[in-house]
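Scrolling down, you'll hit the structures one after another.
In the two complexes below, chain A is the common chain; its partner is chain B in one and chain C in the other.
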Partner chain A sequence: MPSYNQINEKLVEVTLNNEEVFAKRGAMISYQGKVDFARSFLGSGDVQDLAMRAVTNEAYTLMVAKGTGKVYYGYNGLFASIIKVSNEIVYVESKTLLAYDSRLRTGTMFLGNQGGVQGILRGAVTGQGLFTTTLQGTGEIAILSDGNAIGLTVTQEQPVFVDPNAYIGHKGSLTSSIVTDLNWKTFVGQASGESYQVKFMGQGTVYIQASERQS
Partner chain B sequence: MSRFRINTDRLLEVDLQNEKVMAIAGAMVAYTGSIKFEKSILGGEGIFGALKRKVTNEGMSLMQTIGTGTVYYAHNAAEIAVIPLAQEKLFIESSSLLAYDSSLKTSTAFAGLRGATSGQGLFTTTVEGNGNIAVISRGNLITLEVAPNYPLFVDPDAFIGYKGNVQQEFVFDVNWRTMVGQASGESYQFKFTGQGVVYIQPAER
Partner chain C sequence: MTIYNPGNLPKNDNLNRFAFVVDVEEEIFIRKGKMIAFYGQLQFQAIGSSMLDILIKQTFNAPLYINHFVVAKGQGQLILGDNGNDIASYDLDDANMTIKASHLLGFTRKVVCQESTMPGYLTMIGTGKIFASSNGPVHFLDLPCRVDPNSVLGWADCPSPSYRYDYSHVAGLMSMAGAVTGITLSGEEKQIDFSGQGTVLIQSSEFGELLPDSGLNR
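After this line comes the complex of A and B, so read on.
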């Protein structure tokens, strides 16, 4: 089983014992031991998954590291965090995925399947596209964020509201919807800059970053 | 009073109990509970204060956060520090301000001629009263003491703010090398004398 280790806030170490790990292409910083790198087309998905990715704009270029040793991953000075997944589904944007391995199965999720029209609206409004990447199973993944990634716990009693531009992913059984906070000031050009949020309800964790995407 | 907490250097958590906090518009990243966000047109300074801000270029776009719950603020992954004020006056660049208690009073003040050379303008923002203020900096905020016998010199590009009974001066260190284009890159500084605290960041704008 590949093991993930946080070296510092921007660097993740993956230890391989005759195993393989998938990572964002170009994210390898250094390695020790006998490890081979190759372009990977399928990741841990299948041909259908690949075809889905190609058409849904959730495509990412992966490389696979195979062998025995330690591999260090970092990307563009961004913050890296390890998320533990225990028999659940993690939803992340493909751009933020740094590394994962074959213990987890990847897929592409149409946001409309997860919250109906609201889901579609969310993707369209936030500029994050209508599709997102899912990873299912038990294991670990490493994700990237601009500033620390922080996990906020969502419980039945306490929904969490998130700025769409700071959202990076979520796990657990959560449903999401868009909430708007419009008043007369919004329409006279005096918006607070926080006119809509994504509301997460249920049981799970939402991950945000300490920065707001400009796009 | 609302409580300010720093979560992992770059995220500010504020607990509100039917209270009001002012923050830069758009700085909210998440919240729980029942919270409303509204653009604050005058920034609590009245029409005259708002006008003064317009002409002095110390303008800032503020929103007020009202309600009960926890609000999370962040800005471009910059480091955040909380400075508590107890009947004190803090001088700060408006671009370093993230959020503050609505119990604090803000205004603009003439900062002297230093602004003309350092590119920070002739005016600065003052925050006064009792409460918390959160400031953003590139790299962790550094607090330096100024005592009567120990004046402090600061690079204008790293300067963030100061509080206490401190006088600010502009000093030049220009010699023949500067004139022939061999400057050390540190030809002018702020000199602080008196008794107080100066805040700087480990990065130069």
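After this line comes the complex of A and C, so read on.
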């Protein structure tokens, strides 16, 4: 199976042994060995997944690299990190996904399915929209972040609160809810500026970046 | 990638170049919107209201910037981030330090924050910690020195600086005409001049105005 190796904070090496890896279009930096590149439409999903992506704004343009050798991926000077997935689901935005392979099955998740109205609300506040990309199975993925990605553990006893604009993804079985500090002061221009926080509860890991998206 | 939990988060230290963990035990001031995550029980309150006014009277003495800061109170570990800028903390021990207002991310409650006589800068006096961001790592310069206005992050223990204009190369009619039209200017004519004893903090990039929400770099 393809193995992922962090070369430096912005560069990831994927070793292929007559295998294939899917990566964000334009992210290939260099390669060694005999590797062919092609546009991939399906990724590791199916036709229904593709159709789902097309209508939900979670569409991504993927390149597939196939063959034997090493491929180096990096994108736009952003930081790259490898996330190990072991029989769980990772939720990330399609834009932050750098590389993955067919060990993981991709899908598109309606945030409302995962936490009902709170999920929809979270999508709206984080600028994620109503849909997010899911990857399920056991394997590895590479993600992009502005500044180092920071993983924060969530346990039953210890929830974590994150700024919706700094959130990049999460894995495990987590439920989220929006915490608001809204009060009368917010409406007279005295907001605390941290009025919306997303609270993650359960068992898993939340990934954030030290940079707030301008949404 | 290290996965953090409340047990292995650094205490009042950098998580990485761009993120800083603050152990909150008593009220601290932070810049609005710079919290990226926290563990524990924390509340954020706009300042200039309610019970907190007593605290503010003692420490926050910069009405111009009152809307840029909030008070975080409670118990917890707070992670600060500022658009991918480098973050560092500075310990004050009965000292003073002046810092560009748009780069000040937070300070502890025993530090008094006042407007500097240089517009766009805040002077911090007392004992405690200050958190500030910079575009690229901070470099410390000894005095005397002259610095590009956009690169100054702050200064400590020295008299308020002055502007120095270097137009010595504008001599004669032709270069004068060039200067008026801007052709012969190097773009480095206006410098900030530091003299006396102390330290100047500079950032490695001149893009101080990049911070979108600030509007402070007048």
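Note that in this section the second predicted complex is superposed on the first by the 214 of 215 C-alpha atoms of A that agree within 3 Å, B and C clash if a C-alpha of one lies under 4 Å from a C-alpha of the other, contacts with A are read in each partner's own complex, and residues count from 1 in each chain.
Quick note on the criterion: a contact is a pair of C-beta atoms (placed from the backbone, for glycine too) under 8 Å apart; a residue touches a chain by one contact, two chains touch by 3 or more.
It should be emphasised that the depicted structure is a prediction, and the values quoted were computed from it without experimental measurement.
*Asks:* Mind checking the superposed model to see whether chain B and chain C fit together on chain A or clash?
*Replies:* In the arrangement built by aligning on chain A, the partners chain C and chain B clash.
*Asks:* First (chain B), second (chain C), both or neither: which does A:Ile83 touch?
*Replies:* In the superposition, A:Ile83 contacts chain C only.
*Asks:* Should A:Gly151 be classified as contacting the first partner (chain B), the second (chain C), both, or neither?
*Replies:* Only chain C is touched by A:Gly151; chain B is not.
*Asks:* For A:Ser211, using the defined touch cut-off, is the partner it touches chain B, chain C, both, or neither? Pick first, second, both or neither.
*Replies:* both
*Asks:* Please tell me which partner, chain B or chain C, touches more residues of chain A.
*Replies:* C
*Asks:* Considering only the touch criterion stated at the top, classify A:Met201 as touching first (chain B), second (chain C), both, or neither.
*Replies:* Neither: A:Met201 stays clear of chain B and chain C.
*Asks:* Between chain B (first) and chain C (second), which, if any, makes contact with A:Asp163: first, second, both or neither?
*Replies:* A:Asp163 contacts both chain B and chain C.
*Asks:* Enumerate the residues of chain A that count as touching chain B in its complex and touching chain C in the other.
*Replies:* The overlap between the chain B and chain C interfaces on chain A comprises residues 146-148, 150, 152, 158-163, 166, 181, 185, 190-194, 197, 206, 208-212.
*Asks:* Mind listing the chain C positions that touch chain A in their complex?
*Replies:* 1-6, 15-19, 32-39, 42-46, 48-49, 67, 70, 79, 81-84, 87, 212
*Asks:* For chain A, which residues count as touching chain B in their complex?
*Replies:* 79, 146-148, 150, 152, 158-163, 166, 181, 183, 185, 190-194, 197, 206, 208-212
*Asks:* Would you pull the chain B residues touching chain A in the complex into a rising list?
*Replies:* Of all residues in chain B, those touching chain A are 7-11, 25-33, 35-39, 41, 61, 63-64, 72, 74-77.
*Asks:* State the interface residues of chain A toward chain C in the complex, per the touch definition above.
*Replies:* Chain A reaches chain C through residues 81-83, 146-153, 155, 158-163, 166, 181, 185, 189-194, 197, 205-206, 208-212, 214.
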